[in-house]
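Before anything else, here is the set of structures, which you'll find just below.
In the two complexes below, chain A is the common chain; its partner is chain B in one and chain C in the other.
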Partner chain A sequence: MNKKIVAELELAFKDIEVNTPQDTRVEICAREEQILTVLGFLANKGYDHLALISCVDWIEEEEFELVYIITPYLQENKAYIEKGDVFLKTRIARENPEARTAIPIFANAEPYEREIHELFGVKFSGHPRLTHLLLERDYEIPPFRKDFDTRKYVKDVFDSIPVIPEEEE
Partner chain B sequence: MREVELYFGPQHLGMVGNFSITLKVEGDCILEATANPGFLHRGFEKLMEYRTWIQNFPMVCRINVVEPDHMEMVYAMGVEKLANIEVPERAQWIRSVYLELARVGSHLFGLWAYANMLGFDTVAQWSMYHRDLILDLFEELTGGRVYHIYIWPGGVRRDFPEGFTDRMVETLHSIGKCVPDYNDIFFNNPLFYERAHNVGKISQEEAKEWGAVGQVLRATGMPYDIRKVEPYAAYDKVDFDIPTRVEGDAYSRVLVIRDEMIESVHLIFKLLDNMPGGKVFNRSFNPFKWKVPEGEAYVRVESSRGELGLYMVSDGKDKPYRVHFRTPSYTHGLIILEKLLEGANIADVGNTMISLYVVAPEIDR
Partner chain C sequence: MDRKAIKKWLKDPEKMGNKYSLWAVYFCTGCGIIEVPPVITSRWDAERFGVIPVATPRQANLFLITGYVSVKTLRAIIRTYEQMREPKYTVGFGSCPINGGMYWDSYNTIKHLDKYIPIDGWIAGCMPRPEAVFIAVTHLWTLIDKGMANAYKKYRKQYKYYRRNQEMALGKLEWPPLYPISKDE
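Moving on to the complex of A and B:
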């Protein structure tokens, strides 16, 4: 049912991989520098609701996977089934991870990117405020990475008196 | 006039929940608002990577205190999708009834928060009492009042007890009888109208641009509801309406919430009339040794605040590899609130925030 958008995507972008694992889902794997153009293309085709930006830490492959889940804001059930969800995925290196911000296309990408920056340490270039969102200070290893051991952290912090460096004015 | 920085919350009469907004004000006018979440960040998504698939149930329902049931549902749906578990027909219908009951309870709690903040104490007392009647029903059905852990991958934990549906219908009728009283004292009250209309006004284009869902979007005239868009449980088997308004301000959002409560009660009656028989649970796995096949899933439900999604990745082990919740309050509290408060009056901060139906634990997770 997603044949139309798959054909259009393959025509517009020669070097991306498009799969349809389910009837109502399209999966696109693209390089990081293509993300903005693909997002813009999808937004113009009526996929106008960015539901989520997520990040998965594939530590064995030394890569982060950014997942953009885009759905159409449609009013009728029928039209939805013709369109369905789109998963746009890109992999970036785990060392000094950097990606471009999606704010110019979807304004609601802002807090998602802030959260990924804070919890995974991915830097989004062009983002207007990459400040702390949920946490209050920096950690040596961003806490949602797979090599951050929650149990070890709890033991280190709560079995002794923690030393929290004071912020300089 | 001099610019002043003002902290609104987390200890503030107009603030519901652990949330704070930093305001830059000049006189009474807000120049800039910065949402400041994180007071309730418990890192649930990380903790879930350390626990087995079944051990995670007590955690998911604690993500949002006022509506744990939709959290259970979205997590159970995610596990079912990854592990390809069939759910019996009767369990799907029971789930729908249960979720609608939870929606009414959650809206009554939301009504309490709004009325209480505006100083309509009588309405707040009433809605808290009526919510308590619904909690009694939950207690009878599941044994718990607030956190129920009733939905399970493969069905629900137990069937309705004998006579439960009659008591449920009776309770809902006794609450429904008070709707005219609620209208007189609150919804049609000129004082409330003056206080809420044209506050936090948002157009449909802005709402779509900023990723609004739920009542915020429906109050701008768009009937976007996951129960219709991507039906789950038994929502495609019965007919129901999606209440909308066109004004897009705080008053219309509250009216949408009221109409939705009434529609939910009608929906429960329709579901009960056509309830199929049969078993309610497919017993197929040992929860202690259970491994979910490799894969990823994105599932979503319509919680009482809007689109609630769950992105889940499994690497074939006994624990999830990555869990990420897409909660409706996230965009409402972090983007739309900031945008709507620019240029608003200080007196409308709590009003705007609660009419957007923001729940802080959902943002922090």
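Moving on to the complex of A and C:
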């Protein structure tokens, strides 16, 4: 199914790992500095739609894993590459995490990167506005990290707000 | 009209008028709003009970808070509540506004809504059936009859505590206080 794109990827990039865990899925593990090149390569090959950027917190390995899911979207590209998605994975350090923005290649990466910045604290260099997307509060530890203690947070913040006293007669 | 009710009408027409024409603000918080369209349309027909949803809070006097309240929604709820005309009645719908429900340990969901705005009554359940809305409405009638549905008066009297709690949850509020706050404490 995807032998063509796998062969092309292996030809173009020497030091990336390409697997096909399913018929309709290609999984690429690359280093962080290669991400933009690989994304640009795939975009030229017809994978023209960035479906999602996701983030995984590997707390024991002290790493974040960014997952870019890209897929052919336009009809002419669907005919050209049979079908299937590409999962492009990269690992970055958990301490002061920083990655390059994918906006130059996929403009719709902007909200995904803002969300990851908000929930995991990953900084995307080159992003035009890394502000809050969904949340209002500022958290000491971004709330989707594994070491964020939700129960302690609720106890400290919401449970500490006092009950309204009854009216004095 | 029920003949027995004529006496009540003559005795306190304002109360009876409030009771049988509740205008609910069509405000959607969380998942509970999915129960409201069947409630107000032909299947259950809330108009039998005098409940009609209206578009803006300035025309409404019943506020159904349907479902979980995130921090951002709380801001909108307070602004909506303060715009409603008196007498105004609030009903918390579902278990999430009561104590957080299944979001009891969430980092961004308000637990205990009655710390921020006054609530006249609660409908427990996740989700409550549409019939529960009518049970709540009839209970609200009883409360209005007895003069016990006075959460809006509590809001007026205890406003400084409500405002303090709102500021604790939301940070600095960008609108001025609804009622004057005495500076003596």
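Following the convention adopted for this analysis, the second predicted complex is superposed on the first by the 153 of 169 C-alpha atoms of A that agree within 3 Å, B and C clash if a C-alpha of one lies under 4 Å from a C-alpha of the other, contacts with A are read in each partner's own complex, and residues count from 1 in each chain.
We adopt the following convention: a residue touches a chain if its C-beta (ideal position, glycine included) is under 8 Å from a C-beta of that chain, and two chains touch if they have at least 3 such contacts.
This structure is a prediction, so every number in the text was calculated from the model and none was measured.
Touch criterion met: A:Thr150 reaches chain B and chain C at once. Comparing chain C and chain B on the residues of chain A they touch gives the larger count to B. Of the two partner chains, chain B is the only one that A:Phe87 touches; chain C does not reach it.
Of the two partner chains, chain B is the only one touched by A:Asn108; chain C is not. When the two complexes are overlaid on their common chain A, residue A:Leu50 makes contact with chain B while staying clear of chain C. In the superposition on chain A, contact is made by A:Ile161 with chain C only, not with chain B. In the superposition on chain A, A:Leu133 makes contact with chain B only, while chain C stays out of contact range. Residue overlap on chain A between its contacts with chain B in one complex and with chain C in the other: 134-136, 143, 148, 150-151. Within the complex, the chain A residues that touch chain B are 24-25, 48-52, 54, 56-57, 67, 69, 73-75, 77, 80, 85, 87, 106-108, 110-111, 132-136, 143-144, 148, 150-151. In the complex of the two chains, the chain A residues touching chain C come out as 134-137, 139, 143, 148, 150-151, 153-154, 158-165, 167. Note for the complex: chain C touches chain A at residues 71-72, 75, 100, 104-108, 110-112, 114-115, 118, 154, 157-158, 161-162, 165, 168-171. Residues 37-38, 41, 43, 45-47, 50, 208-211, 222-224, 228-231, 298, 300, 307, 309, 311, 313, 321-322, 324, 326, 330-331, 334-335, 364 of chain B are the ones that touch chain A when the two sit in their complex.
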